[in-house]
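Before I ask anything, here is the structure I am working with.
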Amino acid sequence: MNLYDLIVKRIKEAQKADSDGLVTNVSTSSMLTAEITLISSLLVALIMLRLVSNVLMIVAVLVVLFAAILAMPLMPRLKRELNDSLFNMTFYVVLALAIVIVLFYWGSLNV
Amino acid sequence: MSEGIRNLIMGFALVIFSVSLFQSIYDFKPLIYPGISYLYNWVGTEIAPNMVTVVVFDWRGYDTLGEALILVTAVIAVLLVFGRGKVQMGGK
Amino acid sequence: MIIDTQLASLLTAGALIVIGIFAAVFLDNLIKKVIGLAFIGDGANLFLIAMGYKPGGIVYIYLPGMARDFFAQNAAYPLPFALVLTSIVIGASTMAVMLGIIMVLYKKRGSLKASEILGE
Amino acid sequence: MNLLIPLMVIVPIICALFLNLLHKKDRTIKAIAIILALTLPLLPILASYGIHYFGGYAPLAQNPTLSTGLPSLITGTVLNTFHPAITYAFQDAQKLFIFILGLVAFLAILVSLFETKRPSGVYGFMMFMGVASVIALLLTDDIFNFYVFFEIMALATVGIVLVSGVKGNYETALKYMILGSITSPLLLLGIALLLGVTGNVNITDIIASLKIGVVDPKNPVLLMACGLIVFGWLYGSGLPPFHTIKSAIYSKALPHGAALLQAFSVFTLIALGIIILRIFSYLPFSQMIILGVSLLAMILGITMALLQTDLKRMIGFLAVGELGYIGIGLGLGTAYGITAGLFQAINEVVITAFLFIGFGVIYYQTGESDIRKLGGMMVKTPLVALLVLLAGFAMAGVPPLNAFQSKLMLIQASIQAGLPELGVIMILLSIVTFMTFMKAFHAVYMRPKPADLEIKNEKIPRATILSLIVFLVVCLIFGLFPQLATGFLQAISSNLAGGMP
């Protein structure tokens, strides 16, 4: 069993746990594409940390790479996480509010 | 993530937000500078006796226009909620 | 730490905002959620009103026989009050539409629980 | 001719009020709506550049009749240059933005009149009111006036969603309003903090008082104000964490409504983004946060779009993802980057409206937007299929079309700014965008038709075809002659890139 089959199998498992249970060729391949896009663009974005420090960049890339591989079907989880329920939406809104305020207020105050 | 952990994170985020809000309000109080209000109080006496009326109608008329419009929009939106003017796709 | 009228009002406004967000986020009943949202808007309005306060000032109405420079140096600051007028109307309009939608949803679903109506 | 500047806001308002009064008189509604909608793109072309003071009250320094008899406490200080009245500024960038907004609004309204069973005065009211408020957002130089029209736009958005009758639209509208009622008062609080510290709500004056040192730009209250305004910006434009609700809003509106709604979001993004850059570009965090959020919007929007099964939701997520490109342009902070970002904004408004109305034909014909239940529409509508395919090419950035030019400019700008990684991510996500589009296109047009798919309306209105062709022509013009657009944008971007000393 090669890596591709392994990934497809895990995506199928994750999707079956999801509601509709309809696993088609198209949905699997788009899930796979989304997965690869997410991880690769995150990794490329992390390279920008080199402006802060080179060591930090290498450590961050390695940590994220391993974490992503270990938690491999990220996309079904992300889809469930970003669903349309008001509770989830408010959760992320409040979290973003705190992050923005901390970065601007405390971050700029102490630089 | 379970609901309990989420609630905990949200509560923590809100506490951080409220601490920074209160601190910035406490810092804000001595900084208040009336600025343009001085000018309104000097110049407005020539126009009408009530300064708020002067501000609302003479200097900031577009705000008042917006205020009236949002009332109209809200009334129409409430009528819409109860079913007036729904549209249906489809030709003649 | 000396707390005068203005600082107390400003801090009350901050407290209203924080309590409002707590209510809007943690309460499940839609009407209670909307009351929380009203708190947030009122907090912002009270904050603006408290900014217009002038210690020992007079009301911003120019009475006949008043000297112009006396008035200008003692009157309260009119701009925040004018802004609050607009912002109160905005809050009321939004509230009306929200409560209308909640009425219709309640008739349809027979429940006011946000987790039932607005869940996915 | 400066009288035309307020008229740009007032004409759509008048039209909105008229349409509401005329509710149920179909013929009259159609005629009035078409004639007045046509003035929307025409007015900005006719108007000449200038600054409009409400009531003609210029600052004291330029207004000797007002300043006679005032003490030196006022005429001798910074108050002498403050703007006492609401100011509308109409410059070359605004001309282009309002023209494009007017064009998209005109075409969306035209299509909506011919694709619905009976023209609804209320729907017209909401559309025109939204357009009026977005034009005011673009024109105004006053941050409280901005807030007032921002709220009208939010309410008109809710109206456009409520009118549609799509299943679940009430719930989505309520969610949007609840999140909005948390966020907008915080935006107002940010504005109040700015007002308290600087003593004015006019943006030019706020910048002036920060620059000449009346106010210490490093004080913590301004940091808080910036944080709150940035948070309001996220809500207004639908960047994360608001991308789920924004795409849900698009998917619950009718296609022409969604085409207009995404134009509202994009123009709110650039109007408030320009304000944030003008006031707060001296803060080191402001540009980093704009960049980070835009990156997140691109990645989350486009990857989530791949997973959707609802056609409208898919384009909604793509529209949110494309917002990230604009944000990257603004966040780079160089003149070239800001020009590229604003150019991308214009292209995106046109292309996404093109896609929404193009795929809207399917919804019009079948009443279905689930791609699993669609198929075989190529036989029925070959011309529309071709136009939609070209729209997809435009969105992905295929050469003779407009997004190619702006995306190329964005990639060049990111390399010039020393961040080539952003260019790599943008190319990668463009490819995935195209794949997402092709997935939808294949499912709708090229797959064999499912047996249970019934076609309710055979005939496509001529207005729809016409508006699709107009969108294609605009895409081609901006793709072949990008100077036509960028020429209008250079002045504002070199101003913005200057920043604070």
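Chains here go by letter, A, B, C and D, matching the order in which they are written, and residues are numbered from 1 within each.
By definition in this document, a residue touches a chain if its C-beta (ideal position, glycine included) is under 8 Å from a C-beta of that chain, and two chains touch if they have at least 3 such contacts.
The shown structure was predicted, so the numbers you read here are calculated from the model rather than taken from an experiment.
For the interfaces B-D and B-C, the C-beta contact count is higher for B-D. Each chain gets one centre point, the mean of its Cα atoms, and the points for chain B and chain D are 21 Å apart. Here the CA centre of chain B is 9 Å from the CA centre of chain C.
Per-chain Cα centroids separate chain C from chain D by 29 Å. Between chain A and chain C the centroid-to-centroid distance comes to 38 Å (mean Cα coordinates, whole Å).
For chain B, residues touching at least two other chains, in rising order: 10, 14, 17, 20-21, 24, 28, 32, 34, 36-38, 40, 42, 60, 63, 66-67, 70, 73-74, 77, 81. Shown for chain D are the residues in touch with two or more other chains, namely 71, 144, 148, 151, 155, 158, 162, 170, 175, 178, 182, 186, 196, 220, 223-224.
Among the residues of chain A, those in touch with two or more other chains are 83-84, 86-88, 90, 94-95, 97, 101, 105. Judged by the touch criterion defined above, the protein chains are all mutually in contact, each touching every other.
In the complex of the two chains, the chain A residues touching chain C come out as 83-88, 90, 94.
Chain contact summary for the complex, chain B toward chain D: residues 20-21, 23-24, 27-28, 31-40, 42-43, 58-63, 65-67, 69-70, 72-74, 76-77, 79-81, 84-92. Taken in their complex, chain D has these residues touching chain C: 71, 144, 147-148, 151, 154-155, 158, 162, 170-171, 173-175, 177-178, 180-182, 184-186, 188-189, 192, 195-196, 201.
Chain B meets chain C in the complex at residues 7, 10-11, 14, 17-18, 21-22, 25-26, 28-29, 32, 34, 36-38, 40-42, 44-45, 49-52, 54-56, 60, 63-64, 66-67, 70-71, 73-75, 77-78, 81-82.
Listing the residues of chain D that touch chain A in their complex gives 172, 175, 178-179, 182-183, 186, 220, 223-224, 226-228, 230-231, 234, 240-242, 244-245, 248, 283-286, 289, 295, 298-300, 302-304, 306-307, 309, 372, 419, 421-422, 424-425, 428-429, 432, 435-436, 439, 443.
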